[in-house]
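By letter and in written order, the chains are A, B and C; residue numbering begins at 1 in each of them.
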């Protein structure tokens, strides 16, 4: 049994290493002196962080990605929680169909969502803009929040709501003081994952964005040029550094509530 | 009704609803391309450049909108530039057709420009508003790929050849013929562009090596000639390391030892040389295909004044010289030559900026293949078949 | 209390109470108002878009004018059926998706098991962060760094030569695409399997031991079946993500996959949406079958 445990631990370590080696390369090559990526790294410099800092395109792209992710996550939270509440508390025809419907955007390849929405927008003459991007992201963000919310609601008793109403609370108060706290950690971790997926999304966004550059589209442009790649690495470096904290916090939250998800 | 009946009725209703939606959509939609407004005829061209609108959105080849000349433009005119890069003329045409008013201008090569003109995706421009227009080489003032019936649909920008790029330390002796990229000697080290128009390069090669086929224009091919070119490309496939789709593909291929020879643009050569990779490019004996680019104005552009400012800016000798040296192409403006030499000695000659007209005529510039063979016959292969063949070639 | 709130506040509160009671007494109203926004949004936007897309598979593109003609025909499907290139591409993609799914299950399961059942709480948090953080770094940048690893003068060959092993030329081959896909989708396989394993109460394992089963038997007959929905859920991700991805093959491969054909026909070569839609029925059909099978295996509870 000990050997089994040790083998599992070793395998886990190797897999984590596998996950992190390309990431480590990105982080290290943010300091590359050369414009082009080659092995081994020719030299180290801090120049690219300065270049990225002063680059207005980077700021615009970062801002747009943040706004899109926030909007998509917001929509996901609202629609996902509503759907979760409907599904876990009521029986109605088409209940399974709703689950299926919400899962479709992540069960079907993103390229299909992309071309479907793209032709749909063109058909209705909708200008490609911030909102066309957000709608594309929201399609797969909703299900992430929905799944977490449903799982949590299944474990809580509906009698909580009844008790609250018995005590004289109206629907809004019940929602705010009873339902929301129970759901909160599930929603937070769902929202965080949804935010991450939207922030980094490129496959659908290429079809639903117009002249706007989200961060991934900006990165793709730089990758096309093949020069100044370390600037991309520098930006990714900063993003990772900034997101370590929220990710760690959300995991501790989940752990404390007894549900590590 | 029983619960089962409820369910069946419900599903039936849902299916009907979705089906109805689809049929309504099918019926309502006319062509999915809204007809363009704002196609200017020669009579209502602007007579002066007005106030800039503050923004300009460009569809460009990689390397055409470098900060070196974009930043001064933004400072001087207040027009903030955003660029969308495209790696092939096909992408540019699609972007302009589907982009609506998203994109103001496109740096179209000759094989895209006529498609855009015919599709009414670009509008006529007034060259009188561009002071440097009179300094352009005669061949690029009103070339057939951007001027139709005397109406100018853009301002010529730069032109250049598709070169043969090779690593001098791995490919010896230096190649002199396109035969090198079809040679099994370099198996697994060759790279060519991921672009259906590459079939024309094969046709150009065959026009010299198999004169019996009778190929005179690599873009006007009969079925027999086309099949021969496609067959050559299919033979080449196992020898290739990669079909490069992005400029950085080829740069990485050469830098990291994956490719030693291939078809290229001067942009890659310059980037690799700047990073001390031992490469050289040349035009082989069979000649080369090439591209002549035009900045065209979208028929739905919302920022035409900034667009004219841009056309004016990139036609000035200094910017022409900067772009020519950066990308490795040849400026349309004859006055750029001395500035090129001052920025990089010998560059004027290196990029043929002062070459005679015969050099220009020797390049087979990209143009969209169509059924019209140009000699009275109409049995040539049109471009949609080139695109289909390309999918087959790539496998 | 009502006096403190004031008369206006009291009236609002009374109105809210009446409204809440009205909702409470009519469950269908509650269900409906919760259901209509999400279901309505999805049907009116997503489903409608899909419907129009697959209807357009029966139309054609006029290559001269670039407009789509609404004449019903089967031309696109006929082209796909007759040209064996598209069969080859579809087969290649589905085969790769299966290979990637299998690889990821192999890589993810032991890790998820370790995290869920063997690691202490602090180690578990650390490992979770290590698994989630890559999702926050750019997908594009991570794929691009694989070019550096796999190229002829890249990191892999550098290490191999140090170990005295021969050079590999994996760059821009299907092997490279397989490796990179397995890498990129790995977190999406780890998370559902972890969730499924974590849900297994320790009492099940104890009961199994009480009934006389040894470790391996417990694993095979108790844990594995309970983890299966998680595995299937993760495989839905890896399968569907691989079926439609077009970026990885462009960056690290040299062959065409279903996603590339669709992409080229929409944004690349021409706006031939009908043809792209026709080809998109292939991944649609594959995923439909997969989802039906997955539902049987109970994966939807594990998502």
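Heads up, the rule we're going with is that contacts are C-beta pairs under 8 Å (C-beta built on N, C-alpha and C of every residue); 3 or more make two chains touch, one makes a residue touch a chain.
Remember, predicted model here, so these are calculated numbers, not experimental data.
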Write out the two chains that share the greatest number of C-beta pairs in contact. A-C
Based on the averaged CA atom positions, which chain is farthest from subunit A? B
How big is the gap, in whole Å, between where the Cα atoms of subunit A centre and where those of subunit C centre? 13
Per the centroid of Cα atoms for each chain, what is the distance between subunit B and subunit C, given in Å? 35
I need the residues of subunit C touching at least two other chains; which ones are they? 43, 47-48, 52, 147-148, 151, 153-154, 266-267, 273
Using the touch definition from the top, which residues of subunit B touch two or more other chains? 25, 29, 32, 98, 246, 252, 255-256
Do you know which subunit A residues sit against two or more other chains? 37-39, 118-119, 123, 223, 229
Could you list, by residue number, the parts of subunit A that touch subunit C in their complex? 1, 4-5, 8-9, 11-12, 15-16, 18-23, 25-26, 29, 37-40, 78-80, 82-83, 85-86, 89-90, 92, 98-113, 115-120, 123, 135, 139, 142-143, 147, 165, 170-172, 174, 193, 196-197, 199-200, 202-203, 206-207, 215-216, 219-220, 223, 229, 232-233, 236, 239-240, 243-244, 247-248, 251-252, 255, 260-261
Subunit B to subunit A touching residues, read off their complex: 6-7, 10-11, 14, 25, 29, 32, 34, 57, 62-63, 82-85, 87, 98-103, 246-249, 251-252, 255-256, 268, 271-272, 274-275
In the complex, subunit A touches subunit B at residues 34-39, 57, 93-94, 97, 118-119, 122-123, 125, 127-128, 210-211, 213, 221, 223-227, 229
Contacts from subunit C onto subunit B in the complex sit at residues 43, 47-48, 51-52, 55, 63-70, 83, 85-86, 88-89, 147-148, 151-154, 169, 171-172, 250, 254-256, 261, 264, 266-271, 273
So in the complex, the part of subunit B that touches subunit C is made up of which residues? 17-19, 21-22, 25-26, 29, 31-33, 88, 90-91, 93-95, 97-98, 115, 118-119, 188, 196, 240-243, 245-246, 252, 255-258, 382-384, 387, 390-392, 394-395
